[in-house]
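Each of the next two complexes has chain A plus one more chain, namely chain B in the first and chain C in the second.
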Partner chain A sequence: MTKTSSDAMGTRRRLPWETIAIVAVILGCALTTVDFLWAFLRAPMVAGARLEEPALIGGTVVTTKMLFSQKIFYFHVPVAIVSFAFVIVAAVYAVLFLARRSERYDVRCRLCMQVGLIFIIATMISGDLWTRHDWGVWWVWEPRLTTYFILTLLVIAYFILRAAIDDPERRARFSAVFAIIAAIDAPISFMITRLIPSSIHPVVLRSDSGLSPDMLIPFLCGIFGMALVGFGIYRLRLRIEEQAAEVEQLKREFEQTVA
Partner chain B sequence: MDPVLADAYSTVLSGAPYVIGAYALIWVVLFAFVVALLAKSKKTQRDIDDLRESIERRSRKEERQKGRDAE
Partner chain C sequence: MGRRKRVQANVAGEAPARPRATAWQQYRALLAKDVRIELRTREMLVSMGVYAVLVLTVYGATLSQTGNSLDILNVASGLLWAMIVFTSLLGLNRSFANESADGCLEGVLLAPVSRPALFLAKATSNFLFMTAVEVVAVPLFFLFFLAGADVSSTAIWIVLPLLAGTIGMAGIGTFMATMTMDTRGKDVLLAILLIPVVFPLLYACVAATSTALLGVVGQEAVFWRSLALAVGYDVIVIAAAFGLYEFVVGS
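So, the complex of A and B:
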């Protein structure tokens, strides 16, 4: 499962994926820390309900309440975007498996879905807390939330499907098809707010998002930071799979020496 | 505090537990997953080392046995 590259002499060298993963996690943590600090120390609070009379804050006339809960945005949206990315990458590996029938693509598809599920859980938790504070309820059946909930169920169903099939080849094939179907919901969930406008989920990722630099910079740091953290976690998970395969190989060798 | 300013910032205290909770839980979820993975990786590496050692011990024993049989 290790990737190799050739140098000028044509000798195959192993890419230092473990080093790359560690660097990715460290860089990701640094970027998310910048995101966190900037969000709370520099990024302005957004406007809420109208005040009965205007207030003067820091030399600026303020006519609305300051929404502190909006700060959740700077982590909630990055983890959501990374969750979409992992589900889509899982579908890419699923397509590769169906095309080439190599077990390594099935393994990578499964791992991407696992890491994607972790980020989906993080998105749901942060989103629910935001909804609870701003709207007084834990859940509303608005378009983005509904399609994201469907995505959550599809990812969970992927693992239930894998657990239900004993034959490895059939399990890989059926899982690959299901992963592709699940990934169809990811762009739908992402784009739904452009088709059906929602006050809870305004369109942020556009050329005129209205985000000031003090909001855009931490937001972008959050996206790239979480993506790097996710990549590092995925590589760590892949390393464990490689170790497990090595254990099986060594067990077979040991049994041969006993025999 | 000025009542208008207090009104402007009224959502800060009420929102703080949810904001802190959201950030903390995101990190707890990610951190818990990473810790679980590292623990599993460590255990699997120990299994690998034990198996390699067992295979090596057995190979050495077989070689010694072959040597004695040859004599």
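So, the complex of A and C:
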């Protein structure tokens, strides 16, 4: 009887994070879906370049070309922001690891980098679609694209570095140092369109954006939705890691008792 | 285990009444050690120098079909920096081969050497060897590819970006090479870690070098801005490496 109650206590203690993670994934997916549907069905088109002569489209005379490609804004920007956030959080865990030398921070740093890499790849793919459509090229060495490409390379290099070191303590130490160096690029990449105005990449986040509620709501849904999905994946991955570590520990104890 | 050893070494070091060496003396001793090894073996200088010449040979073959249609001046700074980056990578990898052989670095770490002094000594020796190779390779590059080109009279100004670039490469390169010293596939790993990190420096140095070759007059703003970017990068990165070095050499 006492055993079951202590088991229940044990699970209850761990319960909130699991539930929160699953709720976060479901809620995040729902918000992202809202973002998706709203962006295509309700958000107004954005006026692009002026047409050479007025044209009759759908019964109304328009003088500017409406940019359907602007819809990428509702996906590309939230994904990119979440990817920056995960790289920064990974660096925070790296600093914590170097300060406290606890293995748990190393695991968290690595998982943040993993989730970050997923979002970075999503940003690269969605961004490239826009680049091809609107700029007419697959790639251009433009400040924002270049710095973001470097960030991608740094995060990939982080995993190559981890794979190349066998000793767990040294691996954790070196990868934490490298995670900090890699994270320096994230704010630079975020700020570069503001620092170098000649950049052809638009400055997206600003207080004077003048987004109408019809555009702001799906955008915010996208940011929070994707952040929640990322957080949920991270938390669930962390649970797997912790349980794997626990199994290893139990195995070791079992072997010691048998021997 | 390493910590206990070092503590014992400390205690043993304090027993005689000799004053502890200052950081400056440690720096000089470590630098002298590296220079002396290099002057005796000439491992790094020879391998880097030969490699630089080989890169120039490859350039010769790859550019041989362009004839007069290519304006070499426009791509010269890029080619020059590609050579410097690859040569430096080779040299940085070699520079730590001596350290891991016979447990040299471990021995140095057992002594109560200040970690920043160790980093600066290693970075300085790498800087010296890289500069020595550049002194030979850059004139060779001019001889092979820019002899017939209409090089601006301000070409001598490339010394400034070369200096800034070499300092930065030596600083962050030494830091990264210490990390990759004992890893599997260290030569490739150093390139994978270093090239993305060094990208801004490379970008700034190529811009400044290109401006110098094409003529600084009228382009002063571009030249000095690029150079300022390179120097700023050097300061930030070397400060970061300086602060993080003790985590890399182990504690």
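Keep in mind that, in the parts below, the second predicted complex is superposed on the first by the 230 of 259 C-alpha atoms of A that agree within 3 Å, B and C clash if a C-alpha of one lies under 4 Å from a C-alpha of the other, contacts with A are read in each partner's own complex, and residues count from 1 in each chain.
Everything that follows uses one rule, which is that contacts are C-beta pairs under 8 Å (C-beta built on N, C-alpha and C of every residue); 3 or more make two chains touch, one makes a residue touch a chain.
Everything numeric in this text was worked out from a predicted model, so none of it was measured.
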* More chain A residues touched by chain B or by chain C? -> B
* Asked: With the two structures laid over each other on chain A, which partner does A:F254 touch: chain B (first), chain C (second), both, or neither?
  -> first
* To do: Name the contact category of A:R104: first (chain B only), second (chain C only), both, or neither.
  => neither
* Asked: Between chain B (first) and chain C (second), which, if any, makes contact with A:R162: first, second, both or neither?
  -> neither
* Asked: Is A:S126 in contact with chain B, with chain C, with both, or with neither (first, second, both, neither)?
  -> first
* Classify the contacts of A:R239 with the two partner chains as first (chain B alone), second (chain C alone), both, or neither. => first
* Asked: Where does A:L154 make contact in the superposed view: on chain B (first), on chain C (second), on both, or on neither?
  -> second
* Overlap the chain B and chain C contact sets on chain A and report the shared residues. => none
* Structure fact -> The answer for chain A against chain B in the complex is residues 36, 48, 51-55, 57, 62, 64-69, 71-72, 75-76, 79, 118, 121-122, 125-126, 129-130, 132-133, 229, 233, 236-237, 239-240, 243-244, 246-247, 250-251, 253-254, 257-258
* Asked: Considering the complex alone, what residue numbers of chain C touch chain A?
  -> 179-180, 182-186, 189, 192-193, 195-197, 199, 203, 240, 244, 247-248, 250
* Spell out the part of chain A that touches chain C in their complex, as residue ranges. => 98, 146, 150, 153-154, 157, 160-161, 164-166, 170, 173-174, 176-178, 180-181, 184
* Contact footprint of chain A on chain B as seen in their complex -> 2, 4-5, 7-12, 14-16, 18-19, 21-23, 25-26, 29-30, 33-34, 37-38, 40-41, 44-45, 47-48, 51-52, 54-55, 58-59, 62
